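Read from first to last, the chains carry the letters A, B, C and D; within each, the first residue is number 1.
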Amino acid sequence: MKTPRSIVAAIALLVLILVISAIAWSLRIQLYTTRAPFSAFLILIVLLVAGYVFMEQAKLGKSFPVRRIPAFEAIEEAIARSVEMGRPVHMTFGFGTISSSMAPQYVAGLGVLAHVARLCGRYGAKLIATLGVPEAIATTEEIVREGYYSAGRPELFNPAYNVRYLTDQQFAYASAVQATIVRENVGANIVVGPFYAESLIFMEAGNMVGAFQIAGTARETQIPFFVLVADYSLIGEEIFAAGALASGDKETLVSIRGQDLGKLISIALVVLGIIMLLGGFKLVDSLNWVWKFG
Amino acid sequence: MSSQISLGKVLESRELLYTLLLLAVILPILHPIGIPIEISARTRDVYNYIEQNLKPGCHVFVEVYYEVAARGELEPNLIALTKHLFDKGCKIVYSSLSAFGVVAFSLFKANAADLFANKEYGRDYVYFGYIAGGEAASASLAKSIKGTISVDNYGNRLEDLPLMKEVDKATDFDLVIIVSSGTDVFAYYVRQWHTPYGAPLLFVALSVIAPSVEPFVGAKQAIGMLVGQRAGAEYEVLVGRLGLGIASMDAQSTSHMLILAFIAVGNVVYWTKRLSSKRGGSR
Amino acid sequence: MIDWEVFGAWLCAALVVWIYSFAYRDNVLYKLAEHMFLGAAAGYSIALALDSLNRVLIRPAITTPQTFWATSWHYIIPAVLGLLMLAKYSRKYYWLARYAVAVNIAVGTGLALRTVPIANIVRQITATILPLWGSDPVKTLNNWIMVLVTLGGLTYFLFTIFPRRVEGVPPSPTYWVYRALYYIGVYGMMVGFGALFANTIMTRVGFLISIYLIYLQPQAWASIAAAVLAAIAIILGALRKK
Amino acid sequence: MSLVVRKYVPQIIVSAIIVATVAFYYLYVSKEVADAFGRADKALSDWAVIITSFALIVGGIDILRFHVLRIKKEGLVQAPFSAVTIALLITMVVFGVVGWYYSYAAPELGITITTQPQFKWLYTNVYAPADAAMYSILVFYIASASYRAFRVRNPMALLLLVTAVIVMLGNTTVGGLIWPGFLSLRDWIMTVPNTAAFRPITIGAGLGTIVLGLRLLTWREISWMGRRE
């Protein structure tokens, strides 16, 4: 089988960066910032290139098994159940904003929303998406619309009902969301995104009406509340994997293999570092090495 | 309907739990029980550090960075530390990198009026008020206070304040205390005050965020950390000014015991149901 | 003439009590408090938005127009993009709203990609490289826990690359190592979750104490009156439902 | 053509900004380039602030529209409440604009948007107490949540319960009365197993972020654009 040009190009780019770095290193040229250790840049580049190569390989039809993520699979059950009970489905994404480093988590939440909206269209469920980030209003409306239209149920789409921007102030948003969950008597409460202290408020509101709850975030301090209180939870990086699964696209899904590669690299570095300590060599110093001479 | 109300249901109802919880918090504040408190090694280390290293006439910088909701946890620490510092004869410069810090400071001052009673503003302590700009402002303060701001919180010019003639930059301070309800501001001071100027930092953190700033303390970038209300109560005992901290510890104890009791009841109810259904009971 | 200070203090106490009343049951007074809160918060955030526009864009453009047009002329672009967000009401030009979202998502993701490799990966790896032997047994035990739970957690999250058990063939040693680490990871994380959850209770009780001291205790009668009203509202609401 | 402006240009914007911000952060060419990048970086974050500000104003219009529609549709049950929201929103904005006017017309008064007296009154007496109350309502929720979360269904839940009980007893003074060791045991749990438990999650979240960044860069993550063209 012929290796496609894109893969060759990506690997060539990686090799080129390594060669240039090696040359610059031997000539002691200041090529990289002193703000971050060089290893961070290296890990970033390796993961980006490897993820890209995986995705290009998938285009050739290469596939592999993926571990089940029960929380993701439960979304369909949750929606089907609330349709049976005649109750709406609620989804929200948390208080983290799009223009901060919380953006990736927010985008992951929007990916899950696309999945939820499609399923709501298929089952004819009413979807209420509440949000606290004004930039995302238009996007959210579009996603919900797409979900209903692609399932041939345009009559269910009513932006003023389906998408509710409450406010961007954390607890005003939280107070309105908890009221929405209880007053609309939602059957499924799906919350995925960057959550702060409001996480538990949403979980308890869902519990008051006995909603089926699926929750996920990558914000460490809020994970316990989701894991211990929700019916199903997406822990940490699982929300990003869920976003990839939700796309329903094989090539996109393959990108999560990049996450696995990163974990294997981390495990290898830890094990290697500990073994090297036996010989008195400190791998920590090399990892912390900043591109700086003299 | 009423026939369905059983003991288990009443015990399981959230309304009962909430009402008891409110009482468990409010009653001990009104009538402190006075459960004896044991001083943790961590708090004692901080106390000893101040006791040994700060001499009369030294200068301390205090960052007040918390919203009023976090007052219960952080204010006892701030008051007890202030008392300790004034007792040692230190002069204190207060500042806030957040707008809500101004409200917190005025409440703190009103609550600790006895400490400020015989202290003169401008000579013994100063408050800058809110300084906008986050990390950049912190860096600029470390370089030169008078280069960053020109007036204090009350509109006095800094040049007119005697205390401000003695201090201007990070190295002028013998201790820098950060009282914060957020994680970021600790990192600002580590990056802008400790790393370049070696300023000794003392953290006062909420108990929820303490784990995330623990690495700085572990790496000796701070001389110590006071964690939450408990540390506040311990410090109050150490400096001998009992206040909100120690009163709150009773409230903490009663509310925690109540929650533990409810967890126990929950388990009993759960296992009774489970065992009876296993035996082929009606439900 | 109303004393606005006193009225404000009563309002504060009432709002706090009515918001707490939701924990018992949704009621009219919570609904009122919630809608007041929503209106105030929305108005506040719009005012803050005007304030930051004023700070970044309008004031420099008015007070120092020459330097503004020389150095910061490009601030007009995001202003136009921001106005284009109104296009979401249009059936035909809805896609114009995407441009602004694109900029903000890219800025956020760029920020994340800068900090994540250092803070989330390199720092965590270096902190886990610990000696697993030594004279101090407590420290050694701590290091073992640290390393095993971290590796176990990483193993738990593997999505696509892991050894599988094939029917009829005795599982390989790799498989057993994988399973062991997997369970250490799960149990280790559970301990962490339980600890963090329980540790949070203290802060939350601390918040309640602060609120009680600031808003409720000084206005005891207003709070009690508000609580009685909330109780009546809850009971009436329950009766109406029946 | 229409597909280009609808779909490709926004994606090109995303990729270009991500590549530029990341590349210039890590690469070092010369001091001048680094300084120029620092300025560009500041400008870009200002761009984000400007866009967010406009988004907030558009969001305000959305809130108004939502509540006007509710008054029309749901009648008397909802109308008074929606009216309260609309009235407070408009009042706050009007007072803010008054403050804004004074900041230009009479700068010596020191009144700005956020320090206008009536605006401040509404903030301190409506917004602030409600905000603090919502934050502290968590105390009720955490109590009822722990009541349900710590049921011993299986061995793992037992471990969870034991950890939680130790931490809770270690946090309170009563714990010290029962057994003085709770305090140090709590400290150990919080520093060793707790740190270890969150480390793989932190690493994983970082990896997930990088991979999502890759998907945005390669135009595979398109949910943020809304409909699929």
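By definition in this document, contacts are C-beta pairs under 8 Å (C-beta built on N, C-alpha and C of every residue); 3 or more make two chains touch, one makes a residue touch a chain.
Keep in mind it's a predicted model, so treat the numbers as computed, not measured.
Chains that touch both subunit A and subunit B: C, D.
Ranked by number of C-beta pairs in contact, the top chain pair is C-D. Here C is the chain whose Cα centre lies closest to the centre of all protein Cα atoms. In this assembly, the chain whose C-alpha centre lies farthest from subunit D is B. Distance between subunit A and subunit D, defined via averaged C-alpha coordinates, is recorded as 16 Å. Centre to centre, using the average C-alpha position, subunit B and subunit C are separated by 21 Å. Spacing of subunit C relative to subunit D, judged by their CA centroids, is 5 angstrom. Each of the following residues of subunit A touches two or more other chains: 36, 41, 44, 97, 99, 104, 107, 135, 137-139, 141-142, 166-169, 171-172, 175, 220-221, 223, 225, 228, 235-237, 241, 256, 259, 262-263, 266. Counting partner chains per residue, subunit D has residues 22, 25-26, 48-49, 51-52, 55-56, 58-59, 63, 127-128, 130-132, 134-144, 146, 148-150, 160-161, 164-165, 168, 171-172, 190, 194-195, 198, 201-207, 209-210, 212-213, 216, 224-226 touching two or more of them. Residue positions of subunit B with contacts to 2 or more other chains are 14, 18, 25, 68-69, 207-208, 211, 230, 252, 255-256, 259. Only residues 19, 22, 26, 30-31, 34, 37-38, 40-42, 44-45, 85, 88, 94, 97-98, 100-101, 104-105, 107-109, 111-118, 121-122, 124-126, 128-132, 147, 150-151, 154-155, 157-162, 164, 189, 192-194, 196-197, 200 of subunit C touch subunit A when the two sit together in their complex.
Residues of subunit C touching subunit B in their complex: 23-25, 127, 196, 199-203, 205-214. Residues 30-36, 41, 44, 47-48, 51-52, 55, 97, 99, 104-105, 107-108, 110-111, 113-114, 134-135, 137-143, 145-146, 149, 160, 164-172, 174-175, 197, 200-201, 203-204, 207, 218, 220, 223, 225, 228-229, 235-237, 239-241, 243-244, 246-247, 249, 251-252, 255-256, 258-259, 262-263, 266, 291 of subunit A are the ones touching subunit D in the complex. For subunit D in complex with subunit B, the residues that touch the partner chain are 128, 131-132, 135-136, 139-140, 143-144, 146-148, 150-153, 161, 164-165, 168-169, 171-174, 176-177, 180, 183, 187, 190-191, 194-195, 198. Residues 22, 25-28, 34, 48-49, 51-52, 55-56, 58-59, 62-63, 65-66, 69, 127, 130-131, 134-135, 137-138, 141-142, 144-145, 148-150, 160, 198, 201-218, 220-221, 223-228 of subunit D are the ones that touch subunit A when the two sit in their complex.
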